[in-house]
Amino acid sequence: MIQDKERKREVIVKRVAQELKDGNLVNLGIGMPTLVANYIPEGVDILLQSENGYVGIGPGPEAGKEDKDIVNAGGQPSTVVPGAAFFDSSMSFTIIRGGHLDITVLGALQVDQLGNLANWMVPGKMVPGMGGAMDLVVGAKKVIISMEHTAKGEAKILKKCTLPLTAVGVVDMIITEMCVIEVTKDGLLVTELAPETTKEEVSAATEADLIFAEDLKVMNV
Amino acid sequence: MIQDKERKREVIVKRVAQELKDGNLVNLGIGMPTLVANYIPEGVDILLQSENGYVGIGPGPEAGKEDKDIVNAGGQPSTVVPGAAFFDSSMSFTIIRGGHLDITVLGALQVDQLGNLANWMVPGKMVPGMGGAMDLVVGAKKVIISMEHTAKGEAKILKKCTLPLTAVGVVDMIITEMCVIEVTKDGLLVTELAPETTKEEVSAATEADLIFAEDLKVMNV
Amino acid sequence: MKKIKTIDEAMEYIKDGMTIAFGGFMGVGTPEKLVDAILAKGVKDLTIICNDTAFPHNGVGKLVVNKRVKKCIVSHVGTNPETGRQMNAGEMEVELVPQGTLIERIRSAGAGLGGVLTPTGIGTVVEEGKQKLNIQGKDYLLELPLKADVAMLQGSIVDKKGNVYYSKATRNFNPIIATAADLVIVQAEKLVEAGEIDPSDVMTPSVFVNIIVDGRE
Amino acid sequence: MKKIKTIDEAMEYIKDGMTIAFGGFMGVGTPEKLVDAILAKGVKDLTIICNDTAFPHNGVGKLVVNKRVKKCIVSHVGTNPETGRQMNAGEMEVELVPQGTLIERIRSAGAGLGGVLTPTGIGTVVEEGKQKLNIQGKDYLLELPLKADVAMLQGSIVDKKGNVYYSKATRNFNPIIATAADLVIVQAEKLVEAGEIDPSDVMTPSVFVNIIVDGRE
């Protein structure tokens, strides 16, 4: 079982990056998902979308070379690649909600075995708002949750979410530092385990019912 | 009563032009309404809208100087004035249906005393389609019908339209070569008569009930 | 992701009976070479979505005249007498849709919305068979989303990634139909390298475009 | 039609209790000088419509921090801790709307539509109190149009007729809120003569703009 915080993060984003295919249009959520951009496989040409109104996010700008008119959806300075396009927010969500986004990668507070997702509020405590998340998970062709498997020892992958939902039955895949899980009609199917990680450890860290694939693999990270 | 075809048309479009106020955004329908542009009063700066996607229609181009990428809503070569703007059809109808158009001027097959309009089909005969007309009359702040008072001697201003409607209760004003009519909650109020035209002539050419204004004026054409 | 294909390669995707949306208004903004290729290939029984049926000699008007159209969904047919003739003779079905409703129905399909709530058409034959909703005291028609198998665009400038710029009044339906089809083909009047169109000037982002055909071929 | 006014003249139209929509995303694209003028004038009890409440030091974030806001209608407040504090303390009402729904509600008001039919929010607290429609086998929420008394835009280039061009990612909500307010004020970063913006590059046509304020003042 991986214990190092940095290594956990690396395992997650490296594995998520392997899901991105040539030609995909992808939205990477604020925080850890953003790091996926650093691990896109050689020869895979993807386009990154930013909710605030463009496709073709480039690398972060050098210090002192920021363009005040280009920020990402987190409000941080950004750049664009050749072939990028800017548009207004209604076009941005036409892309998102209209089924034109291949993959959205975002974090979660809780996910459950029906594919339900909770990631936008903890009543009475933290209410950042849903931003574009509700549209992203309803509209994207594939929804990947990338997160640490547990939070302070508490399970986040549950039989049933207890926090207010972001959407119902939308999650396709969960990638953590312990395993890769596909959400199927039969339930949560663990298809890969992280290096140095056992089925027993995954089960112990998960409240939801898990099915382990017959051809269970080791994550290539 | 004016008999000359050319003079009738001149009376109508000259009088319609007087309704256009400085700063107005105006849509002129295909055919006779288009001619209104030639009579806009001195000092009145209006902007003309074209359904196919721009504001700022200019005069027709000189022969040989047509731009293949600029036509009006009738498909005829057109130009734009400085300060014009092109946009797509969804923005065009945001302007039209969203209440951003001050005046729409269009012809009619029939109008009735409830302000109903029929101008898009004659069943079994002529079915050109409604084009943008249904949106224009529902969305514009003021709907002016400009037309000859009768068609081959048949009344066009009726108690109740008999042809399929374009919209219900939308007409604000009717301008013909005989008179100016305002559609009020009490019915059709004749506010101006054309030169050389009598109340009796107007009544005889109209099937609808008419109210003649106490301060009935003569059209300044 | 190589999107550039020859017209012949692009036409391999076009089959009898398909629903094809075309950009253009009275033919201006319609990809004439793609229309000609449909005629040349002999494709028939099409359902076409377009603002109008243009004139007999241009745009989708040519498809009507050559009897390739089973049904057209348009706002206006007055400039093409052959449309009216086939409609009255029962040779072609014509669904007339108010222009603002037509573009918004296409947009709603492209934007993942359930339809359009419009005041246009209330109290007319347009409302027949449709659900009416009273919202905040006013009546609206529920008009359903309209999607095509294929959208055919005319782009004035297109880059090799598929970003499109439309010149002047050629824009019209083009950027909207690009969002609402399974396959989007653009005929490029001018083809440039990625990055040559200023990102702020792009009117259809490359993400919507599947196939680019060089219109100067 | 002289639309150019000083900021002071423009502020004469702004009263306590108004609903004001602001362009901008995390403050980028928000007209900061108009925000500052609201602060300077002492206007309060505002309802604001914006994508988010920005950061405490920029955009509409400053209005929140200075307690000028009675209610905000936004999709996200996480970057401005003061919003969360006032919300939890019951000092300010916060209506959280999914971002795609928010922009579409504003658009529907501007476009004369009866509302939006969206799948977003189905099965969540967002659907509480709202009408649900099943269309072609899928559930949609009916979300109502959202209109402001005043819209405040930041235009990168504005001509004297009121045509607006937005640079890069500053566009965001600006062109949409411009369609859905009784009074539209644009802060021009650069002011040019009519005709200097290519008509195809205009992102908000002049017809929507009532007042132009020179942002270099």
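So that you can tell them apart, the chains are marked A, B, C and D in the order they are listed, and the count of residues begins at 1 in each.
The working rule: contacts are C-beta pairs under 8 Å (C-beta built on N, C-alpha and C of every residue); 3 or more make two chains touch, one makes a residue touch a chain.
Treat the numbers as computed from the prediction; the structure is a model and nothing was measured.
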**Request:** List every chain that touches both chain A and chain C.
**Result:** D
**Fill in**
Hopping only between chains that touch, the fewest steps from chain A to chain B number 2
**Message:** If you average the CA coordinates per chain, which chain's centre is most distant from that of chain C?
**Reply:** A
**Prompt:** If you tally the C-beta contacts, which comes out ahead, B-D or A-D?
**Reply:** A-D
**Fill in**
chain B to chain D, mean C-alpha position gap in Å, rounds to 35
**Item:** Whole-Å separation of chain centres (CA-atom averages), chain B against chain C
**Value:** 29
**Item:** CA centroid of chain C to CA centroid of chain D, Å
**Value:** 32
**Message:** If a residue has to touch 2 or more other chains to count, which residues of chain D qualify?
**Reply:** 104, 107, 111-113, 118-119, 167-168, 171, 199-200
**Contacts with 2+ other chains: residues of chain A** = 54, 80, 86-87, 90, 93, 97, 138-139
**Asked** Are the chains arranged, by touching, as a line, ring, star, complete graph, or other?
**Response** other
**Request:** Go through the chains and record each pair that touches.
**Result:** A-C, A-D, B-C, B-D, C-D
**Asked** Which positions of chain A touch chain D when the two form their complex?
**Response** 50-54, 67-71, 73-75, 78, 80, 86-90, 92-93, 96-97, 116, 124, 126-135, 138-139, 164-169
**Complete:** In the complex, chain D touches chain A at residues 25-28, 51-52, 54-55, 74-79, 84, 87-88, 94, 96, 98-101, 103-104, 107, 118-126, 156, 167-176, 203
**Prompt:** Which of the residues in chain B end up touching chain D in this complex?
**Reply:** 22-23, 25, 45, 47, 49, 54-56, 80, 82-87, 90-91, 93-95, 97-100, 138-139
**Item:** Footprint of chain C on chain D - complex, ascending
**Value:** 104, 108, 111-119, 133, 135-136, 138, 140, 142, 144, 165-168, 171, 199-201
**Item:** Of chain D, residues touching chain B in the complex
**Value:** 1, 107, 109-113, 159-161, 163, 179, 193-195, 199-200, 202, 205-208
